[in-house]
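Next come two complexes, and both contain subunit A; in the first it sits with subunit B, in the second with subunit C.
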Partner chain A sequence: MNIKLYKPSTLNEAVELMGYNDGRIIAGGTDLIIELRNRNEKPSYLVDISSLSELKELRIEKEMISIGSAVTFTDIIENKYIKEKLPCFTDMAMMIGAVQIQNRATIGGNICNAAPAADSIPLLMSLGAKCIIISQRGIREVLLANFINDKGKVRLNSDEILKLIEFGSLGENEGCGFSKLGKRNAMSISTISCAVKIRLDEDIIDNICIYTGSLGIKATKEEKVESFLKGVIYNKQNIDKAADLLSQEVSERLGTRASMPYKRVAVKTVFKEACYSAAEKYGNDQLYMSGGSDI
Partner chain B sequence: MKEKICFTLNNKYLSIDADLSMRLIDFLRDELRLTGTKEGCSQGECGACTVIIDGKTANSCLVLLGQIEGAHITTIEGLGDENNIHPIQQAFIEEGAVQCGYCIPGMVLSAKALLDKNCGPDKEYIKRAISGNLCRCTGYKKIEKAIQRASEKMKEAENDD
Partner chain C sequence: MKKRGKGIGATFYGTGYGNGFPDVSNCEVELNCQGKIVVYTGATEVGQGAKTVLSQIAAEVMGVDLDSIVLVCEDTCCTPDAGTAAASRQTYNTGNGVRLACIKLKEMIKKVEENHKRVKGLPDEILTMKEIYEASRAQAIILKARDSFTACTSTMDEENGQGSPYWPYTFSCYAVEVEVDTETGRIEVLNAYCAQDVGKAINPVLIEGQIEGGFAMGMSWTLYEDLNLNQGIIKNNNFSKYIIPTSMDMPDICSIIVEDEESTGPYGAKGIGEPVMLAAMPAILNAIHDAVGIRVTKLPASPDYIVKKIQELDKSNLIERK
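Here is the complex of A and B:
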């Protein structure tokens, strides 16, 4: 492709390289290489960060999980702690592309590519993830929810590199779930995705955070549904009502789009799946007592 | 613009000058004439161009040559030939798992990466391992069986040793 490719050996070198004009970062390359070939992009040079050890750290501390931007989805799938404590994260990673893609694609790339159907974004947003960004000017932090600007656009200056993503570990009475609807199991771009983080105080929903993907230009916080569910009892009736409310929201948001009649119905099940999976350990007894789940 | 790059390809150490922004598949096929690696969709969806990089499968259409500095690469040419066939290839023949054959190099390499890690995979593991390899002829059943058979062959061979 006749583009100069730099392979820095440290993060500092990479940061320095990005200080010049018109460079592009390449990590897994699973999106960028296609764009480069389509000539949608013609940067002056590429900076390959895919093997920088500083960006490949997956740190799990008592209260905080941090994931380096060059960590691949396979690294996430193979991490035993994540599988045990945050199984929705493992599930999400396993639903991305197929093994070949999971082996190369990185979490930082999935975020910075900012596709409306990116699977990791709604889940990370529901976990309240922050992006740590580095440049020669220093380090800054921004909430992932504010980092994604538009379809395919993030608030990252040309000299900056996304260093890592961090979020708090789940508390005792918290759970998180992710669900995705696609056209097939593997190599499937999300038609709808939904991530739910829930905190239960016995059977009362103390707090809930809901993000949907593929239903707009970027992942969307479903605030109306959240406020409906906050403070109510976690049971099948309330989750069903919330699903109806979400369906109404989606039909208004998608308006006259051809996918609206399908998505407004399908979103209910995707949402319920994410909800039930989020509350699996804590509260699904209530669901079974009131007639079981219908998903 | 050519620059130096070193890596190991099918157990041979290579040190060459090349355009590092070239895709790995183009380098393999056009420069080295290793045409066993096939190009299908050119966007990471079909798996025909699968190679193994440091033990993990990758679509060689989505890797730039410069990204494999220092890595160990295995292509289908690194597995076996007519005189010295690899047990996975043998199992594919015995099960009749090959029809048009276009997906087979990628399919065999996905099977190899799986069996190198897990010598007795169950059906679900096999299905997941080849989930990124499209086959439009066979319906996958015979391929799944072939991988199962290969795992048994490879286990037997290990026990004989």
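Here is the complex of A and C:
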């Protein structure tokens, strides 16, 4: 293996380097290095963006949170504001790989690698995240949900760099939750993941956004379940019904796959956990009021 | 829904090669010019603590500090054969070999010492090991002894089951508490209590380490490890797919050392290397049965398998009620 590595000192230099053809961006390298070793990737040169200060910014404004693409998961875990205002984001980051991976791996890398099991993607999609992309031709903006194309594929031209990801912070009566099922409690690739963003008007579900991960080629918006839950009372019966509906959706989607009989059942718990954690700040009182104690 | 259950598993395990197979451990000991006891034996240290335990046994026989023991092992140029580091046999077999050789050396030392005192006419003089070495040179005696231990087993009579296929046997009983998630099939081991018969605990801290490692290995075997063979090809060929537990998956382990001295063992000790993992599996599977009523008949008890078994049970219960 003999690959040239460029380490630009500014974002402009990096953008210029990507203007020549057949270069690959490397940030944390936690996915790319493995692919290089396995000789699945043969770029003619690498551009290391991991220490570009422009891409390591984590900006939190009143209504908008923006995370530079080279921000590591450890940076996210250690951010006090995120921990306070968006605890599900901290939880998600803590569930990724091992501490060593969290120290190296970046949010931009997790997105651009576009693995079906990527943990940050369903959560960012449910938050309505946008990707800001830079190249010599200028800056463009695209919704994350549209940015990811297929398993391992994103709509990023060879001369472009993902600069940052931004999304609106949670409103007064909004909550967000993330849940992941893996084979063990740490260092685990998700078998199923689910992110839920919910807006409650008293006990009525005013708006809900649900994304599941690891149940298809890319994170999927569960529109049927969303439309079932929109406008109904947030209580245990309705969440259980929604879980059954999701289970049906999943069994249809996975069809004859060997994992279907298991995932069809397990997705219910993952979804319910994400829901409960999204509505946690409301105390989940409604759940108990309507009977049932097995949550 | 999450359901809890408790289970126990009890095992006995014959250590050593067994069935009359020659299970021999040789050992040589000498007193060197620095007054140190040098123990030569072919026992291999693979992390189980053989070097520590064999040195302790030698120090005990010779009545010296551990610092005065030099253990030479794993060097085929100068160490006599002590068999493999397998079958949980090194503490028992080689421990006995070391003990016997040391007893011989001790006798020789005693004679040299007595001779020296008689010649010098100083019956009350106390000699250091270094002085004893020098005395042995003056007496033209080489203080070097060799002995060997063979485990006492015989082939089993196939007709009547009589004989001693293994010697000795080690016993254990583990109890665990688990929590089973009936929808995700995930099993959390909450607590583990591991009672292990060791004969005599020559090094209790090492035994605790062995019990914890053995339980982790047994739990991993029960719940996680799967090669996923497909027509002879290993599909789970790396550690991202071949799952073993992390510290986040392990319960607190309470280890209970049971001492019941084995009359043929070195100071009553027996081997525990393999026995410590055995009871984990039956204990966990019994706890799963206690929690959700299913009998696991295939390993690993993976989440998808557990969910499948629970659904089958629910179905058959439904039919019964009808």
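One rule holds in what follows: the second predicted complex is superposed on the first by the 291 of 295 C-alpha atoms of A that agree within 3 Å, B and C clash if a C-alpha of one lies under 4 Å from a C-alpha of the other, contacts with A are read in each partner's own complex, and residues count from 1 in each chain.
Assume a contact is a pair of C-beta atoms (placed from the backbone, for glycine too) under 8 Å apart; a residue touches a chain by one contact, two chains touch by 3 or more.
These figures come from a predicted structure and were not determined experimentally.
Q: Look at A:261 in the shared chain and tell me whether it touches subunit B only, subunit C only, both, or neither; answer first, second, both or neither.
A: In the superposition, A:261 touches subunit C alone.
Q: In the superposed arrangement, does A:39 touch subunit B (first), subunit C (second), both or neither?
A: In the superposed model, A:39 contacts neither subunit B nor subunit C.
Q: Touch check for A:50: first (subunit B), second (subunit C), both, or neither?
A: So A:50 only meets subunit B here.
Q: In the superposed arrangement, does A:181 touch subunit B (first), subunit C (second), both or neither?
A: Only subunit C; A:181 stays clear of subunit B.
Q: Regarding the shared-chain residue A:270, is it in contact with subunit B (first), subunit C (second), both, or neither?
A: In the superposition, A:270 contacts subunit C only.
Q: With both structures superposed, pick whichever of subunit B and subunit C touches the larger number of subunit A residues.
A: B
Q: Determine, under the contact definition given at the top, whether A:5 touches first (subunit B), second (subunit C), both, or neither.
A: first
Q: Looking at A:62 after the superposition, I want to know if it touches subunit B, subunit C, both of them or none. Which is it: first, second, both, neither?
A: In the superposition, A:62 touches no partner, neither subunit B nor subunit C.
Q: Please work out whether A:80 is in contact with subunit B alone, subunit C alone, both, or neither, and reply first, second, both or neither.
A: A:80 sits against neither subunit B nor subunit C.
Q: Overlap the subunit B and subunit C contact sets on subunit A and report the shared residues.
A: 185-187
Q: Okay, in this complex, where on subunit C does subunit A touch?
A: Per the touch definition, subunit C meets subunit A at residues 1-2, 181, 183-186, 224, 240, 243, 245-249, 302-304, 307-308, 311.
Q: What does subunit A use to touch subunit C in their complex?
A: 181, 183-189, 191, 259, 261-262, 265-266, 268-270, 294
Q: Given the complex with subunit B, which residues does subunit A contribute to the contact?
A: Residues 1-5, 7, 26, 28-30, 33-34, 36-37, 46, 48, 50-51, 74, 97-101, 103-104, 185-187.
Q: Quick check on the complex: what are the subunit B residues that touch subunit A?
A: Residue list for subunit B touching subunit A: 1, 19-23, 42-45, 47, 50, 53, 56-59, 61-64, 66-67, 69, 110, 113, 128-129, 131-134.
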